[in-house]
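Here come two complexes built around subunit A, the first alongside subunit B, the second alongside subunit C.
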Partner chain A sequence: MLFLTRRLLHGILLLIGVSLLSFLFLQLAPGNFFDEMRLNPQISRDTVAALYQQYGLGKPLPVRYFAWLESVAKGDWGVSFAYNSPVAPLLFSRSRNTLLLTGLATAFSWMIAIPAGVLSAASRRRHRWVDDTGTLITTFLLATPDLLLALGVLWLAIHTRWFHAGGMLSPESADSSMPSRMKDLALHLVAPLVVLVLGSLPVLVRHVRAAVVDALNSPHVRAVEAHGISQSRILFRHALPTAASPLISLFGFSLGSLLSASVLIEVIMNWPGLGPLLLEAILARDVYVVIGSVMLSAMFVVCGMLIADLLLFLADPRIRTEDLA
Partner chain B sequence: MSSSKKTVVLLAGLCALHLAVLLAGFLSPYDPVRQNRDIPFAPPTPIHFAASRSIRVSSPFVCAIDENRNEPDQYVENCRRTYPVQLLVRGAPYTLLGIVRSNLHLFGVSAPARLFLMGTDAYGRDVFSRFLFGGEVTLFAGLLATALTLILGAILGILSGYYGGWVDAVVMRGAELFLALPWLYLLFALRAFLPLSLNAVQAFLLLIAVIGIVGWARPARMIRGVVLSSRERHYVLAARLFGGSDGYLMRRHIMPDTYSIVMTQAALLIPQYVLAEVVLSFLGLGVGEPTPSWGNMLSTLQQYSVLASYWWMVIPGLALVPVFLGYIILASDLSLRETGRT
Partner chain C sequence: MNSPSEFVLEARNLAKTYTQGKWWQKKFHCHAIENVSFALRPHETLALVGESGCGKTTLAMCLVGLETPDSGEILVEGTSLQSLGKSERASVRREIQLIFQDSAGALNPRMSAIEIVEEPLLLRGQPRAERRESAERRMEDVGISAKWKHRLPHEFSGGQRQRLAIARALTLKPKVLILDEVFEGLDLSIQGQIANLLIDLQQAHGLSYICISHNLALAAQFADTIALMDRGRIVEKGSPEEFQRRHSLPSALTASRPEAAMSAHSGA
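Our next item is the complex of A and B:
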């Protein structure tokens, strides 16, 4: 349990570090939300100055940081200037959609990546062409930016009308029955999901392949081979469990890159997640929303890493018995 | 042997591309910001080689384009008069590399006809010229940001690996922080706190700074790893015994050990950073109009009507694929050499 406690503490320290870093950036930033308001002749100088004071922008950095910490503890996460409301409710309603998208994308890409990577690794000697084709495809996918994939999928959606291009729910579906709403959601999910899965697939497949190849080349698998155990038993019973540990660590990291990709795809596809909110907040200089989104993304990543650590703890006896030694 | 030949070919191809965008002024027939409001979204101008059945092959020529009277925004060719494609013509003035002023263009056609190799955009600007000038911004933003990241990463990595102790602890905790955040969020966060409306040069420099600073952690970690093993090498210890100063040891004996990893990291980072410029400009956070960059050229595609109808607007995006492919193969070649050598 020492291992898990240590990882949890590490995650919390990381989050505190991220929040400090965000406030440091904020301090260095020239200009703020109210600069634009000052240029507006319809708003009096006094009103702007009062608002400026009310939101505490004139105060020194440590004061603002502790005020922010206090509001995090209260569950507000600071104030959004543009929406004139606490940040937390804004973030949470949007993050649900982001989590839906990235969660499904993670599930699908791992479900495809593991068999593909294992197949590629297992066929590397006897059926070279399978491995070579796989490498060719992943190389091309790796070289295709998500942006281009997204534009391609949207183009397909516009021309074939197989699935919806952009948005999350059609307006007319609001008062229809549950099953038809689910179908509507699914049709909207196809486009962003395909892009995210195709975008994250090449990296995952390559890592799975490398991990399985490493396991197949390890001395203990050689020894099993010399005993004349069948190829499939070697692969599933002896190689895969060895390959699992590095892949579980990769799972924690892959969540971060998927969140990054998701921001862009959400903006292009008009998916009402954190991406569009973040972009809007940047353009409006709504700093607490920006800090909130960054913190939330860091929290997702830390949670992902903790889940990975937990899985590793369960899967790898070397870690489980570390405390005993 | 053949693999190193392949690497040379790849490098030559990538260098040729970068040279082409550096010579954008000479290679492009028009000024990239010159608008032709009468012909928005004109398709690529067809180049003809044979005028009629009697003449089989002639030197290439184009026809004038007219708007279709019946359908607005549809164009028809008017081949009553033909305009030969000429080499080395005088045209719009430009400045090469910020030094050489000239108005000589590699090719062009005479006045009423216009030659748009990649069509025109919403303001009737020549997409081919914008593509070349935009490539200059995009590709060099990637290159310079990579240089910045690697310099930062090398300095911090070498210091942290060489001195160890609290320097190492501080740098590596910082690196963990930068690695924990999804990098696009980090990029956005850093961008969020900087001014939005900037002129082209400021935006370009800012972009390089932001992209370059965000990525320092990974190369710093890898370089630190190399330094940790290389500072214990016998020749380093010997040099220290002879009274070499810390600065001398790091510069003369330890830094050369990191070169191969720096090269591999560069090949990995450049495509990533080129993409970062494209993404930021695409979202309106990078280089703004009217200066072209591949990112802001693609941003018109956010309108579905443009995406559905005008395929030539996607060309800057398609061009990224061979560039990235080149760098990815280069990176894997370099890392193979690295593992082969040690």
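Our next item is the complex of A and C:
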């Protein structure tokens, strides 16, 4: 438990650090939300100045930071200038959409990457062509920019009409039954999901392959091979548990980037997630929305790392014995 | 021609070449071993000596089946491995077990001592209780108490890990143990303990050893026959005494052979 408690404390410190740095950097950035208002002749200078004071932007940084902490404690996470509402409900409804997309994409990517990487690694000696074909496909996907993949999938959607080319729900589905709404959602999910999976797959397959090849070449696996143990037992009992440690850490990063992995794709595919909201907030200098998004992403990174640590703790007996010592 | 049963292990004209370079690159051929022949009698210890990169470990890998020789023949008790089918070959190969230099790396860090030692017994399809019992006996044989059976490899010292590796190799009751630099990285007193253990085990189980080392002095202490390897070939072969004469090894070397130490110890 000492190991996990230590990691939890690190996580809390990291979140405090991220919030402080976010405040500092946004303070250093030139301009603010009300600068554009000043250019509008229909809004008087007094109104702009009053709004500036109302949202507390004239106060010193530490005062604003503690006011924001108080707001976080209340569950508001500050106020959005653009929406004139608390940030938390805005972020949470958008995050739900993002998590639906990235959660499915991460699950599919790993479900494909693990067997593909293991197959590639295990066949590298006896069935070289399988490994070479896998390497060729992953190289091709790695070399293709996400933007191009997205445009290709959109082109396919428009020309075949097999699935929808953008958005999350069709306007007409609002009044329809639950199964047909689910079907509509699924058809909208296909395009961003395919792009996200194809974008992350080559990296994951290569990592899985490299980890399994390293494990298969490790001295203890060679030693049991020399004793005459069967290839399948070597792979499943010796090589895969050895390869698991680096992959668990990578899986933690995958979980950590759930909120930030799809920003570009959400904007291109018009998916109402956190990505478009964050982009709008940055362009409009809606600082508390930006800080809220950054904090939410950081919390996911911390949780992803904690889950990875917990899985490592369960998977590797050496960590458990060190912890007990 | 020797009768088939005279040698427990025989290598005839073994050769292994590694080729590097992709199809678009100029090929680089490395002749790791060339035309290597030797024969090992029961209870005999053959030391393969040579500097790093001379092909000793490649030869060991070929003998245990981790590498396939390009040409030549390996005979186990007179039976040529090439004449056997895949499963028969695997079964005959179990008579030859390899112990690696790096004991810390050669044991699965996620498995307990007892799981490591019993692992090869899975090949025999024994029930778990029998495997455990047999593995515990092997641990006791090499001087590791069975009460430490649930410890992980990193909880043992270097010498103890080497003993565990020896116990694992012994579980299949092999006839030949290949010791690949097993004394490397151990301090002198532990080296002596491991050497004594190996001599005891040789007497108790009738084992033959191939002891791979780059240290001629150490090999001279341990072996009945020394084969000197250079650039993939065996260039010189003889008894430790002959090597002592030819290479002016200190005479104390042969006097301090573990057998001598053992007999002096038992006589004291």
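Here is the rule we use: the second predicted complex is superposed on the first by the 318 of 325 C-alpha atoms of A that agree within 3 Å, B and C clash if a C-alpha of one lies under 4 Å from a C-alpha of the other, contacts with A are read in each partner's own complex, and residues count from 1 in each chain.
As a convention for this text, contacts are C-beta pairs under 8 Å (C-beta built on N, C-alpha and C of every residue); 3 or more make two chains touch, one makes a residue touch a chain.
Quick caveat, the model's predicted, so the values are computed rather than measured.
Asker: By residue count, is subunit A touched more by subunit B or by subunit C?
Answerer: Residues of subunit A touched, subunit B against subunit C: more for B.
Asker: After the superposition on A, what does A:70 contact: first (subunit B), second (subunit C), both or neither?
Answerer: Neither partner.
Asker: Is A:302 touching anything from subunit B or subunit C once the two structures are fitted on A? First, second, both or neither.
Answerer: A:302 sits against subunit B, while subunit C stays out of touch.
Asker: Look at A:259 in the shared chain and tell me whether it touches subunit B only, subunit C only, both, or neither; answer first, second, both or neither.
Answerer: First partner only.
Asker: With the two complexes superposed on chain A, say which partner A:132 touches: subunit B (first), subunit C (second), both, or neither.
Answerer: neither
Asker: Check the residue A:21 against both partner chains and state whether it touches subunit B (first), subunit C (second), both, or neither.
Answerer: In the superposition, A:21 contacts subunit B only.
Asker: Indicate the residue numbers of subunit A shared between its subunit B interface and its subunit C interface, in ascending order.
Answerer: Touching subunit B in the first complex and subunit C in the second, no residue of subunit A appears in both lists.
Asker: Quick one: in the complex, what on subunit A touches subunit B?
Answerer: Counting only subunit A, the residues touching subunit B are 14, 17-18, 21-22, 25-26, 28-31, 139-140, 142-145, 147-148, 151, 154-155, 158-159, 165-166, 256-257, 259-261, 263-264, 267-268, 278-279, 281-283, 285, 287, 290-291, 293-294, 297-298, 301-302, 305.
Asker: Give the list of subunit B residues in touch with subunit A in this complex.
Answerer: Residues 173, 176-177, 180-186, 188-196, 271, 275, 278-279, 282-285, 298, 301-302, 304, 307-308, 314, 317-318, 320-322, 324-325, 328-329.
Asker: In the complex, go through subunit A and note every residue touching subunit C.
Answerer: 218-230, 233, 238, 241-242, 316-318, 321
Asker: Which bits of subunit C are touching subunit A when the two form their complex?
Answerer: Residue list for subunit C touching subunit A: 61, 64-66, 90, 93-94, 97-98, 100, 102, 105-110, 112, 119-120, 122-123, 152, 154-155, 165, 168-169, 172.
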